[in-house]
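Chains here go by letter, A, B and C, matching the order in which they are written, and residues are numbered from 1 within each.
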């Protein structure tokens, strides 16, 4: 926990041994999952209750994993920081969940979903994992329907589907605009059944603060009861992290306010490799910020781009109300730059284009950080009723937040961080580089490469939790019947716990003059500027130079009122910021070292003549798995080479 | 099943609903019979006597009336006991009040609770007044209900007690009938309007029908 | 805007609580209600005072964490969650009273934070379909009439925030419980456990110390997701049906 770096070269790193996934079997890709399940050792059902598995997080991945492991007979001890497992942020997902059911008979198949996902990820995902995801997608829908998830249906009583960005088939199942909520409640209810049955010991309002590693294996966690402040150690034979993504590094994002990176970052510090941290997805259609008071950003479904036209004034600093700007003084820039795809270009391209026009000083709304999404033409063409029927809910939501009526004035939108493709490095079994530590859902890096397609996050979370992990964790537990009983007195446990207690004590002791939020905001703004939608060598170097200074200032000036032995939300926040201040550095370093553009990672130095992302497959066709060596110290890069046997990398073009 | 009913808050509400509906049915008949008073002492007294002879010769004199009385007492006891127990439960469930109080939140609840207490006291007075004659003003004459009724409504307090109680009854029926329908699960979105209309109609008709008697006495229509 | 806030402060579950008065200035009408509280808390921290504790997470009206009674109304004057309430609903110079959900079954944890775990236990009592992973039949093997699916969805929208309990003069959890029962009992997948579900959940609801329903309708008025009052009628019907069937066995 050194607060200043001993290195003057903030961008330093060393390259270590390559890392490889050793778990995915050889052979035809469509047989690998079956083969793996057959080869995996099983735990005798009678012995399962002797095994304890810790699951951190209760979102789609964690909730489904906890419920399923408990059904199988394991003793599950589960944690969430929320007051109820039902509130995990998966609940906020709107659009839907993909599955290769081919109910529409429109040519969909497991292979097509696999292909679309690898391509959508800009060829930076592992083929075996993605293919398995596509295979399992079909079972997820069956499972959720059996649980009573009220998916949208047609008059014949069969499930309805719709299309989503980046694909040409209709494979997205949905429950109005609340698919995430309904799927999560399904998992929560399955989990609740297991809690009632005594198979899951649930700890709500309890936050994981560190990982316990004994003899090189993950054997438990240190967690704090957020109500009493009590810090305890919990032991298990395996630990599953389902703690979500780290988008909140940016301060403003579509993540929940308390979503945080502590669980994965602490695991990283304990030895788990962190893969592709710079791969973050920035969603183009969010409601822009209204001022410095803004605490989070709200997403508007990207379906709006089907009928809305995006524009900004041609002139810089034009502050006239939008309806007074004549047609010939408007720049419908997406239609101008990408005539064939127009307003429907992929997320990353739409986001970057909006940033560019705002950087030119042509942004609209407070602070000039916004572009218009105009429905005047659509209303003229289809009539207000038709538009209301299609988008009424979204228009209402927009009006509630902004107090502007989008039927009369154009909406203002701006891109916002909302998903992180990077995460803990895992093998085909979803096991991290620490034996016994697994990562599922957004917490791992496995399936989306450099860009996630719409409606794929829910699919991945549930695939991991319901189907993948419960099959693969058996193998680990069967091969590693634990030798040594771990207790609180074990030196490794006592030390981890002591470190945690000292960290919190130190946060409380500084008694400086800046709030946790002010530091969070500062690091967030820095990241948004230099490690956001467009990244440059110079900018990233600047950020890397700045972050250690912020960290140093943090430990000098942070102010956390109250004590650690009580409900203390400032302390929770401050502790999360500690980890953001380190993770941000790794994100910038990863972004700096990857001097290509791919998916959501856009390096200005690496673009095609038309300004599109240019991949450098020769140089960067790998997943970057980083090993921690100490705060402010040069990390070690382990490359996992990506081999594409089935989907051959191509360059995207939308002009 | 009886235990499940009585032990559950939903079951106890069912007991209230059913006993309330029994009393409501009785009140409708009672109100209708009361209107005989407008046809003179002969008709009214004859009607009152007939009540005692219902079911003869199968039933002995006054047996049917006693059966009705027993059912009514059971209904009142069940209604009041469940109301008392449910209210205690409700009050316990909300031990501290909001500092920023809003009156409308508890309007219906309060009307039902205080209305119920008023009605309970009224029933006691009503029986002591016109059935046993214990508190009757001006010489109770068994077998002469017409005169007894006229006596009661010739005092100001007799009228006040009665009219206040009947207004409370109206409010009680208005919310109670609709509530009973919800408790028994017969309400639905399509039926809601009809149920509310019936509840309002029952409340108005019963209140008006009962109040007609003291008003008749006061205006000299009944003397 | 400049506002006077009167906020319920309570150190912990066992401590006595009281209203404390604070002044906040420079509030923008575009702020959400919670951002206004963030502003207050930033000031309190810098002054070395204990910031006001309140539950919040997604801030987009879906997680159900936020839970404030504002001027006597659960979630404030508009029909939405507290996080989606904006300061434009108030005027410069207003005095705003902020209190926690109040119900015996929702004890205060600190300030405006309450313990809603009773809701979790009601779901644990039967608010699920027993469908172990892997055992599911093909999704299209049982069609569900669209009307039933829509009905189920409308009730499944409940976010478990507890505004219904907070608004109910009896501290009743009927609307919350009935929403889940209606959601699952109308679906063919929920049918096998239809009776045990309603009996067990209602029993748990009573066990937790929630009050009973007097059909004041306050719950449905406060519900940010518009769960209808008729949901309770539906639960009563299910309960009576289940009790009758249990009696016959």
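By our rule, a residue touches a chain if its C-beta (ideal position, glycine included) is under 8 Å from a C-beta of that chain, and two chains touch if they have at least 3 such contacts.
Predicted model, so just to flag it, every value in this text is computed and none were measured.
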Chain with minimal offset from the mean of all protein Cα atoms: C
When B-C and A-C are ranked by contacting C-beta pairs, first comes A-C
Where chain A and chain B are represented by their mean Cα positions, the distance between them in whole Å: 64
What whole-number Å value describes the gap between the mean CA coordinates of chain B and chain C? 37
If you average the CA atoms of chain A and of chain C, how many Å lie between those two points? 27
Among the residues of chain B, pick out those that touch two or more other chains and give their numbers. none
Touching at least 2 other chains, the residues of chain C are none
Mind listing the chain B positions that touch chain C in their complex? 1, 4-5, 7-14, 86, 89-102, 105-109, 112, 175, 178-179, 181-189, 192
What part of chain C is in contact with chain A in the complex they form? 11-12, 28-32, 34-35, 38-39, 41-42, 44-46, 48-51, 53, 55-60, 62-65, 80, 84, 86, 88, 109-110, 113, 115-117, 119-120, 123-125, 127-140, 142-146, 149-150, 152-153, 156-157, 159-160, 183-184, 187, 189-190
Name, in rising order, each residue of chain C that touches chain B in their complex. 6, 8, 19, 69, 71-73, 97, 99, 102-105, 167-172, 199, 202-203, 205-206, 209-218, 228-230, 232-241, 243-244, 246-247
Quick one: in the complex, what on chain A touches chain C? 64, 67-68, 71, 82-87, 89, 91-92, 101, 103, 139, 141-143, 145-148, 150-159, 175-176, 178, 181-182, 185, 188-190, 192-193, 195-196, 202, 204, 227, 254, 256-259, 290-291, 293-296, 298-299, 400-403, 466-467, 470, 513, 515, 517-518, 559-562, 566-567, 569-570
